[in-house]
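Pasting the structures in now, so scroll down.
The following pair of complexes shares a single chain, chain A, combined with chain B in the former and chain C in the latter.
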Partner chain A sequence: MTRFSSAAALPIHRSFLVWRNGIYAKAALLLTASCILLYALQHPTGPANGGTAVGYFLGTLAAILVLWLAWFGIRRRRYGGAGQLEGLLSAHVYFGIALMIVATLHAGFRLHWNVHSLTLVLLSLVVASGMFGSYAFWRYPQLMTQNRASATLTSMTAELATLDLRCRQLALLFPDDIMSLVHETVAPGTAHFGMADLVWGRRHNQVHRNNLAAIARVQTQLADRQAATPSEVLPLVQSLTQRLILMERMYRDWRYRALMLQWRAIHVPLTIGLIVALAIHVIVVFYDW
Partner chain B sequence: MTPQFSIAIVGSGPGGLSAAATAARYGLSHVLLERTDHLCDTVYRYQKGKKVMAHPMRLPLLGEMPFEQGARETILANWQRVAVEHAVNVRLASEVNSIAKTDDDFTVTMADGAAISAAHVILAIGLQGNIRRLTVPGAEKPHVKYQLDDPDDYRDKRIVVIGAGDAGLENALALCGNNDVSVVNRQPDLSRAKPANVSDTDRAIRSGRIRAFHNASPLRIDDEGVTIDTPNGEVRLPADIIIARLGAIPPRKFLESCGIKFPSKDPAAIPELSESYESNVPGLYIIGALGGYTLIKQAINQGHELVRRLAGDPTPPADAPLLQNVCADAFPGKPVNLVLQYLRDHVPILAGLTSLQLRETLLDCTLARFGKGDTVFSRGDYTSSLWNIAEGAVSVELDPARPDNVIEVGAGEFVGELGLLSGRRRNATVTAAAPSIMVEIPLRAVRRLQTSVAEVQQELDRVAVRRLIHTTLGPDRPIAELEDIIAGATLRTYRAGACIIKEGETIAALYILRSGSATVARSEAGRENVLNFLGAGSLFGERGFLDDHAVRAATITATVASDVICIDAAPVRDTLARTPALRAAFSRAVQTQLAQSLRATVTQTQSTGPAGKAAAISDFLLSKGVGEATNVFIIDETICTRCGNCEQACAATHGGISRVSRELGASAEQILIPLACRHCETPHCMANCPVDAISRTPTGEVIINQQTCIGCEKCAEDCPYDVISMVDIGARKRPNWLVRMLATVGLARPADARIDTGAEHEKKALKCDLCSSAGGIPACVTACPTGAAVRIAPEAYMTWLREGSNP
Partner chain C sequence: MTLVSFAPTGPVAAMAWPSVQLDQSEIAIGRNPASGLCLLHRQIRFNHAVLRTEGAGLYLVAAEGAFLGTAADPQQSARLAHAGDTTQIGPFILTVREVTGDGNVTLSVTQTNDMEPDEGALAQIYLRVFNVALPNVRLWALLLSCGLVVIFFAWPLLSMQAAKHDNGDMQRGGPSFSEPSFFPPPWGAASLWNVGAISRAHSGFAANCSFCHQTPFVPVRSSACLACHRDIGQHADPSVAPAADLRLQRCEHCHHEHKGQTIATRDSQADCVACHGDIRRIAPETSLHDVLDFGTNHPQFRPALVLDAGLRTTKRFDIGDLQAEDHSNVRFTHAGHLKLPKLNRAGRQDVCGGCHVPAPGGVTFKPVQFDDACASCHSLQFEPQHPEWRLPHGHPEEVASRIAGYYARAALAGEVFDRPNTEPFYKPGVPPPPPPPTGTDLVTYKTEAAMMSTIARSTCGECHVTIPPAAGQPNDAWRIAPVFVPDRYMPSSLFRHASHATSTCQNCHAAATSNLGAISLLPGIGTCRACHAGEAAPASRISSSCASCHRFHDDSLMHLAPADTATFTGGRAPPSMPAKELQ
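On to the complex of A and B.
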């Protein structure tokens, strides 16, 4: 009945990277060290490769690890029951890194243009994306939380809509060219971003520049007292600036989120590719033999 | 002058219509006055196709109106036919504004100024109340409306909806497909509405279909629009139609204006009625939901019973066979009337009830016989009911380590009030000390009695205060030694945030927290530093009773509405000085508490840095009502990757519908409290469920029984944390893991997983059950891959905040 008692049953808010004081990191380290030792102590007749006794052992180990790591994708979606997924992810990460070394040892540090090396390359890419993912899981939640500062996506969207409307209404007091510039700047849909923005932030930069231009253009009106009074100019400049800051924040929110989650669009398909390549690699090896 | 009608019936709901149809059958002159332009407005406004339930299933149906479980449309059509076939004299669009008693009859005046006179008036206006209207300049303009009949009447219009409660949001959602819709919301966010409406509206806002103005209110209305006040300044919204949904004024005011008295100030109080539904104003009757009978069948039966009595042809009440059943086990063969009399004589807290109240209460009770040595309830159970000893006696064992030290409680008294009032686990084991007859009254019935019968509340309080003082200060001393202390005790209620003890004050009283929770804080370097967290049952303010301190060393503040027993210092000091054994017991009790708070103080000496952060988090949690939770879902946002696996896990283990929402949760200090049930100590949701579908399991989870829930939304309205959603349940299918995996990374789109069975809509109340239906281990937490999520007792979390969060 720990759920209702004052003694905590689980560790509270501990990242998967330090699950049970990093027990899986230590286990994976031990595994890697043993494999390296095994590799160093062997005395093959030819060059070290997958065909030696140690090579077979390492290869089998690596294949099992690959399948077990890939099984995580299935286990992650089996809900209910007692096991804590966090522990499994911790193991996934550290044994995934260990696998990179095991597999490299299995290959005897050699690369050629064939399906065997393709398997190793795919594996490296999966591991590399996984390492980025672990970094992202560790870093971006904090950045995202700081950036949001208690606002939600909905509250930011609603605030943006209010500011947009206000800018549009205030712009009605200005000459046509300014009015249409402002109306274009605050047009709906400017807060939507796509994949291209993730890398280059292109569209975002464009929106940003437009907004800055509009502010500058409105401000020049201050000099030209004929057309508008400061009491008309200031609120518009202020609202446009508030909007600029808010858009910045929304863009960062979107970007962090995308970086945090979208790496899996590489990790998962490559995993499927890896398993196919691995299967061919094994068949070819035994066929050749 | 003879009145125009023998009976005037106000309100044409199931209660009023049943009364009118019966009057018509008996040939009594009558009139049925209805506010709207159709019969049965409450049922009329149910969702299209709603499956209307006919609870209580075992209650037989009396009278002229057919009623069994079925679609809203069928039921309304059947009732309409009754009105026509019986030639009921209906007057529609007649909102009654006042009812005045003149000598022998009543004058009933309507909104249009028309008046009628009648010998008897039956009030059956339900609980929906009269509509609240706008008061800003221009509110009288014709394009200001207060309800939306058919959203399809509007196309390409600019519409401003004022009010973001459920009614407002539902209107906005229904209109936004074909119109330009803005919502003006007085609150900073949408949290006042039901989660389902909030999430739909959120989606509509995000996709630009609805424009929302939060923290905003209307200033004035002109022919072409409305000007509103927003945090960014005034904004003018052009509008063809303005729909104001501002809620209703409760019917209580209207009733009071008719001279009807209420037994207490409690907004849930129900006027006292005689066995024949007569109020304190002779000739004025109240039936149906307004009289506290919240189901359709009850309303129909009452309308029928009452009019037959007025016609001089009374029928036995419909609940007679049910009561017979309740009594059958303990009193086989004994007529119900005699059992009722027996209860009045043997159970003092039931003695002051009207016979209507007694019957209603007995329906919910269990009457049981216990043999000597049988267990009534055990320590650690989470049961919430009051056990009355009608005959025999029980022994109460407070400390399992000392089985010889038991307190005997005899006939006429009750046990179990502590667990009932605080919502905590049972703190004692109770066994029958002799063959006994016991009456178990469940929480809901006790609550109803507390609000409507003043003596019940007083008696419960009196006994609870006595016992709590005894068990806290000197459980192993005879209660006689404590009489002076008890005489100096009063019970006070503190609002959330109210200060109970102030640092530096002179010591004038000793306190026991009966329900709720509180924080202990000390100011250091100008900052309040929370040292400790007190749960129900805690003794506090004990400083100065065993030593010679004269002033308070800390400030104690209620975190949720809390009941506190305050005991005058003088009798406590006198008694302790006079009775050394009691002093020793008291000092033991104090030691235990002191040890706890000392430990806390040591780990929290600085006010900035990690400790300051921990304090800020605990402030935030407490400000969100976590103090009355028994188990709360908390996510650390600096670890959470927003992957949504917790919600997915919840849906997967609960028929495809998640009961957790992160997006609608509250966050501050990098901590998120997702929208999910907290399994409150005293669950607000339980209070008004008409079919008693909500209960607490013996292991502590608050659960809703899907079989008995009728979808009336009462619990959803009552839950202050908005965690209950009303959902159309139907078979839902989950796509396989490959599709789901590809969906996570955006490479597949899981098709809408709901299979429409084409059946009538069946809305049910859904909320978190702590996975008690799915293995007992919360799936949301086990599915969190990052370690961000916990589901935990607030005390454990607070302890961790103080001691474990900054290693």
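On to the complex of A and C.
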């Protein structure tokens, strides 16, 4: 009974970012502040670096954080276990950001062309991709819901297929050039998205531009020709426009889903690379002690 | 009059095309809704072909640019005269089903399988188009990891091994500055492990890591440093301050390489004060005073004055100690000389530079030489009748023979030297003075007289401490006491005159009133403090920590020779270590 009532008291959805009033955010902030204080109060001989007492401490702390944060990638695939996954995700995000600062202090803000700096650069990329992932998981679900407006991917593809066939059918009634244009535009083969579409968004989307151009040309050519009556033209233009709007919606839907997924294509391999680079970094430092 | 009817069959069976009267005109076939036979398919042109009668037969003729038949076998026209005649237009196949007696033709129309895709299939294709899939992250992770290991671990490791074997000289104990040839810089991958820029001094062997990092996973041994830096000294005499024995420390404790163009050296005042703030705690027998900060708590300077010029020993006195004695065996006061109008002309600023010339390096001044500084006034004449006769400075053993030589030559020339006449008038009863000596007597007499007056009293003795002949030693002669003027009276400081050239000499040295030798000429700590404060100096003064003036290693103390430090586990100093006076 208690369980049920407490569960009912919880909001329907709360972000992992504010899990338990952001306790991990506060803990990570405390850790970061302590490390900055430690860094500021040291008196190293020469420039601050990873080889001083504070440097060794910060480096050890950063290495432990790397391994613990990477362990989340294994932990999240398992049910049960210690701690709530949502809380662990919250900790993963905040301690990941803290790790970036701890590691930068460990490096003493120095970069060279070597494996040590490479480790820091890899770490930066991992943290940056992770920060983007946090943003994506916070921002895109609600954008996706708004964009879909209760449709599903299956219903949207079915609708698109219907519109495709209707456009192709209607285009058969028009002269050869217009029919070719519509048939070339309205085909699954013309809808393919690449990295640029993912990164730059709709404004630079070739599919969007092709669709717009096709509609414009249909209207222009028909107006020039004055051959077809409005009653024939209108259904085709209407269908093409509907298809364009639907396509845009599906493209946005695709982009949100892709962004929410693809950051892991950077985050995960770079994390493995980071662990390897970290191991090389540690071995090298003590090999040439 | 010919009536053409169309009989749809197969996939287009649902279609209903009206029969058309074929008169003089033609029947159009195409997607055009106004055509006699409207075929709606993307392979059919808007106006694709016409049916017309020519002679006894019915012909299907393709419009310009269009064709009949298949793409592999295109035709421009086809005759449809008898039952069974067939042709293809796009995906449609027209076959003459029957020709009646009055010429009416029935064409069956069917469609091959080239249909538009159905909605379900199209939707499936779109599902794939809009699908999002994660790439093979495991593959990318594996490739990245392998690349990192090869480029950043294996390559530098191999490169360094090659460099190590290239550099055979180092194995024989001598430093070698030859570059490794297997992976010459900048392609040598060892730099991928390099944590930071190597100092200029060590850049000659920077490519060879094993020059210093001799054993993997073992911190750089001090023996690697001392292989070149053989003459580096202890900080303090280990017998006086055993805790300061540098053989107990690694060089790396204070000196850090890979920190830029210069070696980073630990030289904070706090490190020094840790021991020197209460020096007797670690060295109970030392004569050193405690020091906390140059600006606020530093003992008065204690210059090392000459104790015995012959033995070159020194003894330290406080500045201002009136009991201080400087036995440099030179009778000279700055005050006495600077009173002379010849030296102290009004407006003459370079009066000091007349005698003191900076030594190369700018730390000290060249030793004052008689010929350069003194001879213009102190002529070393000894015979009023012959002012051109001079004594040889710096060669006291030649003085007697030189004087004898001058007088011998004069005697041979018949010159007469009167005895010193103390009585201007002859007095009755007093025997007259003997006649002036001649010959050998002259030489002997005048030489003895000159030696007595010049060396003992006037010419030499004016500036030098002279030692009379020992009693009962007939062969002994007057001697000049050995002279020792140190070039630096405060050898433990790193004072550099050239760095202070913007100041005048009189700012620090009270030469005009100095009449007690070095002790009254040297500046005290107050003089320095006019500009220099301690480590935490206000903006108006110069921050000066211990290392600003003092050198940590005393190279006059026992060297940390490699033989002593091969094991580097501490222990006692070897018995041959020279003792150092810590006064």
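Note that in this section the second predicted complex is superposed on the first by the 244 of 289 C-alpha atoms of A that agree within 3 Å, B and C clash if a C-alpha of one lies under 4 Å from a C-alpha of the other, contacts with A are read in each partner's own complex, and residues count from 1 in each chain.
Basically, contacts are C-beta pairs under 8 Å (C-beta built on N, C-alpha and C of every residue); 3 or more make two chains touch, one makes a residue touch a chain.
These figures come from a predicted structure and were not determined experimentally.
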| item | value |
| --- | --- |
| Chain B versus chain C as contact partner of A:R257, first or second or both or neither | both |
| Contacts of A:N49 with chain B and chain C, given as first, second, both or neither | second |
| Contacts of A:I280 with chain B and chain C, given as first, second, both or neither | second |
| Which of chain B and chain C A:L118 touches, first, second, both or neither | second |
| Contacts of A:L89 with chain B and chain C, given as first, second, both or neither | first |
| First (chain B), second (chain C), both or neither touched by A:R77 | first |
| Chain B versus chain C as contact partner of A:V268, first or second or both or neither | both |
| Partner chain in contact with A:T145 - chain B first, chain C second, else both or neither | first |
| Contacts of A:A158 with chain B and chain C, given as first, second, both or neither | both |
| Chain A residues contacted in one complex by chain B, in the other by chain C | 153-154, 157-158, 161-162, 165, 169, 188, 257, 261-262, 264-265, 268-269 |
| Contacting residues of chain C [partner chain A, same complex] | 31, 33, 40-42, 45-46, 116-117, 119-120, 122-127, 129-130, 132-135, 137, 140-142, 144-145, 148-149, 152-153, 156, 191-197, 209, 213, 216-220, 254, 256, 259-260, 264-268, 270 |
| Chain A-touching residues of chain B, taken from the complex the two chains share | 188-190, 202, 205-206, 208, 211-214, 230, 232-233, 235-236, 380, 382, 425, 630-631, 636-643, 645, 648-649, 652-653, 663, 667-668, 670, 699-700, 737, 740-742, 744-747, 770-771, 774-775, 777-779, 781-788, 790-793, 795-797, 799-800, 804-805 |
| Touching residues (chain side chain A, partner chain C) in the complex | 43, 45-47, 49-51, 110, 112-116, 118, 153-154, 157-158, 160-162, 164-165, 168-169, 172-176, 179, 183, 188, 191-193, 250, 253-254, 257-258, 261-262, 264-265, 268-273, 276-277, 280, 283-289 |
| Chain A - residues contacting chain B, complex | 1, 3-8, 10-16, 19, 73-74, 76-86, 88-89, 136-137, 140-142, 144-146, 150, 152-155, 157-159, 161-163, 165-166, 169, 188-189, 235, 239, 242, 257, 260-262, 264-265, 267-269 |
